[in-house]
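Going by the order they are written in, the chains are A, B, C, D, E and F; count residues from 1 in each one.
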Amino acid sequence: MKCIILPDKFDYDGSQISSLWAYNSFGVQEDSVVVFRGTCDVKIEHMIDLEDRRANESIWSEDMVSFIIEHFDSTDLKLIYARQRLFTAIVRESLAGMGVQTTREGDDLFLKGKKLTVSIASTSAVSQKIHFGINVSHDIYGNMKEAGIGEDDQVASFMQAIGKAYVREFEDIEKDLRKSRPLGVV
Amino acid sequence: MKCIILPDKFDYDGSQISSLWAYNSFGVQEDSVVVFRGTCDVKIEHMIDLEDRRANESIWSEDMVSFIIEHFDSTDLKLIYARQRLFTAIVRESLAGMGVQTTREGDDLFLKGKKLTVSIASTSAVSQKIHFGINVSHDIYGNMKEAGIGEDDQVASFMQAIGKAYVREFEDIEKDLRKSRPLGVV
Amino acid sequence: MKCIILPDKFDYDGSQISSLWAYNSFGVQEDSVVVFRGTCDVKIEHMIDLEDRRANESIWSEDMVSFIIEHFDSTDLKLIYARQRLFTAIVRESLAGMGVQTTREGDDLFLKGKKLTVSIASTSAVSQKIHFGINVSHDIYGNMKEAGIGEDDQVASFMQAIGKAYVREFEDIEKDLRKSRPLGVV
Amino acid sequence: MKCIILPDKFDYDGSQISSLWAYNSFGVQEDSVVVFRGTCDVKIEHMIDLEDRRANESIWSEDMVSFIIEHFDSTDLKLIYARQRLFTAIVRESLAGMGVQTTREGDDLFLKGKKLTVSIASTSAVSQKIHFGINVSHDIYGNMKEAGIGEDDQVASFMQAIGKAYVREFEDIEKDLRKSRPLGVV
Amino acid sequence: MKCIILPDKFDYDGSQISSLWAYNSFGVQEDSVVVFRGTCDVKIEHMIDLEDRRANESIWSEDMVSFIIEHFDSTDLKLIYARQRLFTAIVRESLAGMGVQTTREGDDLFLKGKKLTVSIASTSAVSQKIHFGINVSHDIYGNMKEAGIGEDDQVASFMQAIGKAYVREFEDIEKDLRKSRPLGVV
Amino acid sequence: MKCIILPDKFDYDGSQISSLWAYNSFGVQEDSVVVFRGTCDVKIEHMIDLEDRRANESIWSEDMVSFIIEHFDSTDLKLIYARQRLFTAIVRESLAGMGVQTTREGDDLFLKGKKLTVSIASTSAVSQKIHFGINVSHDIYGNMKEAGIGEDDQVASFMQAIGKAYVREFEDIEKDLRKSRPLGVV
């Protein structure tokens, strides 16, 4: 699994959640997590969460760090949702490691009661994907600046730390499941 | 999904990881997490982790809280391992909520550098299971007493809090995946 | 699994077979069967059965009871087709219980040799669905009025009885598969 | 899919539920339904249903018609249970066609309130199987003799009719799922 | 599984890779391989391989033999790719049997260093498909004429031989997997 | 995926087909192909192919090269059988590349009409495996010595060439399936 950190500003408009975006953009032919920073403004046709669509929710941030994860090893909805929750927990752990305490409710992190993140997961016939975004700054919602992680180099380290942590976790799982015997039965 | 807290002392010898143990013991016909407290002494024939077997590892604790999770909705190894990692993260979050900072490496939690937990996950032809154990007291390894959670009622609350948190997480996932549109494609 | 009976007239135009229609319309985040009564006139773009499309078949009824079943636990075509056949058999059993003898051929019921029902099943990347419709009245085809179940309250009871019978069957299966040991092998 | 009717008396002791029994006994290399008539006396080690085991239930009949169904196209528990219910409904339909009214509760048929049948379904790593048995005669339980289907040639026709009906249903499903377009999405 | 050889010239424009094309065109309700000969000119909207799309590759041949394989027994990408490689190897074996030595690299065959074939595989929510094309004549690429298989009756025999060889291989696999016991475990 | 060539003589008794043998013996936590040379004498309890068991077949060779392949990415029988056929074709291609012409029938290779190889594939709840063996010398069956590949260094090169070819093929497939769009639908 590969971690790609985009060096330049890159805006999220929701089209990046499409299957094969990473291959089409960067030619990557592995499972991947692509990390970038830019504005977030999700167009209605790319909204995967019908709740947001029905509520005509705007998913908007002037400055957001985004993680785009794609796996081709399964198209099981249950698996990508378990992975999404795990990813959310990894972000929380990383933040805690930087001294920032947040609370997790499902796929959301909260900073002092304010929603800090957005996330969605789904599948197509060929892959499964997660988008996870964290506000760097935001007028209303929680954001990294308020948490004291607002300097560019801090944000850059954070992007890298989390991208790599997920790859490590994934590879660790792949190794662990190759040394476990099947269950016995009562 | 059902959470069952055993009211009395119950010892873990590894046979509880077998498929259908919860049905056989308690008649439960749902996915379940069974929580109990007692000694831990895993017999070699019930060791699922071949690494432990090869190393002739002893999995032993004089006082351990155990969580036995069983799902029948899939027999996919990748899914039960993602769930195991997520469960481990949930325990960490609960401990943090009680003021106890631990670090997670895969399916292990560490307290001040000492291993606090044991865990294994696997599948049979009919179900997938996780065992997750936390030392309440231990001469060598990390344990809850050292972390200040040693009183019986504290341990009992902890058992209940985590069992219920996992059920809530599972049900929340099941709801979320029922409102997500399939991915578009580049 | 949830059964939703729409209190008012609701027309089936084929768009209701789309994945997530139940969530989008009623906010339901469980597997579901939605039952309603109204006209049936399936637009060509919503025809799932290519045989109908190729034959330029009209799927039309002035008064039909429709069942829309959606499961998110699998996207296996074989499973949704087995469930469709089982549902058809359940309808036949309910009718027999009301004294109406029909014959079943696959997913069709016949009343005195006339086709009484229409049905289709398929999957998307996120869910599997069944539409099953029964004519309440029809000039050409078999219909419930001819069978003596034409009063509004009779039709309403029928809708409820079958919707609930399917939920019960599904939940009964889910329980049964949680108490069966894996097969031995010769 | 092949239907094999054993010409001679054959007793069911539960070992026939094992995967690959049909290949081992008859060399059949297709999905199959094997039908035979004889006594039924299930040994405890072949009891698949833990409920029976726990209750130390005896599964016994002096004269039973047994259907042993094996599919190799999937090892999904949900699918074999849906198929088991469908098979049960098919038996009910056949009986109704012979003028015998029964009621179905899950995988059980009742004749005048007395249990007429036994059934179990499960999977191994390589196949999925169903056993379905109907008492021809029984002191306590419902049986075909009471229903007026006790003559040898009647029983033989019944065995053949049902075996073939299941094969026909299976093949009909396989054809239907090869002409259905994927679902649209809201 | 059925093999259909089209008797007349038929051009490949890429739309034939769509799921259910064989049913829609020929009413076939089995897994199938359809074989035909004609020009090849794949429109951009039917290009499945994003590498070709990105490179704005033209997939063009004035005279090509095409094999369109469709399976409905699974929608697993890994399986259809293993089948595609196996099909490519079968073509190579057939050519070798006719005295034509080629080399295989993945899903490509080379004749004297020149690319002889094109191929793609993918899935939808309902089926998995392969297109495999071999140039009969071509100005730039390898082709059957150069290999000495240019006469119409030779090409016709070749089309039939390979179509049937794949069906035989598939049916042979289906039989073999119905006589293998599950693996033991260390 | 890892290729391990055992440097010393190693005898095959059938126990190596068990899941997790490679981890247990060599600590490998990847999908793997382990290649070794030694006698072959399969004990009846390790015979996976019931046809051999029923025929009381002896699977014996005084000198055989064995390939043991294990994948943990799926437990689908269809997939491991497609992979087994593909592996067989790869061996045939390698032999052809060394000037040795063989014919393939399913998972068997024949040299001048004499059976040269043995092979079996199956799954457990945690992995899927293939054994493929080629006689180096044999009194009755085809063997590499007769084919002119009898020198120790020739055999050693052959073992390595094929082990690596399979790893390359597997990795090539994994890359290809990460650049293919889902199929359209008629």
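List of remarks:
In the analysis below, a residue touches a chain if its C-beta (ideal position, glycine included) is under 8 Å from a C-beta of that chain, and two chains touch if they have at least 3 such contacts.
As the structure is a computational prediction, the values presented were derived from the model and not from experiment.
The most distant chain from subunit C is F, comparing centres defined as mean Cα coordinates.
Relative to the C-alpha centre of subunit E, the farthest chain centre belongs to B.
Taking shared numbers over all numbers used, the subunit A to subunit C interface scores under half, which places it in the different class. Set side by side, the interfaces B-F and A-F show unequal numbers of C-beta pairs in contact, with more at A-F. For the pair subunit C and subunit E, the distance between mean C-alpha positions equals 38 Å. Subunit B has its Cα centroid 25 Å from the Cα centroid of subunit A. Centre-to-centre separation of subunit C and subunit F, using mean CA positions: 48 Å.
In subunit C, the residues that reach two or more other chains under the touch definition are 19-20, 23-24, 50, 72-73, 75, 77, 122-127, 176-177, 179-183, 185-186. Residues 19-20, 23, 28-31, 72-73, 124-127, 174-183 of subunit B touch subunit C in their complex.
By the touch rule above, subunit F contacts subunit B in their complex via residues 20, 23-24, 72, 75, 125-126, 181-182. By the touch criterion given at the top, residues 50, 54, 75, 77, 122-125, 185-186 of subunit B touch subunit F in their complex. Residues of subunit C touching subunit D in their complex: 15, 17-21, 23-24, 46-51, 73-74, 76-79, 81-83, 85-86, 89-90, 92-93, 96, 101, 104, 106-107, 120-124, 126-127, 129, 169, 172-173, 176-177, 179-186.
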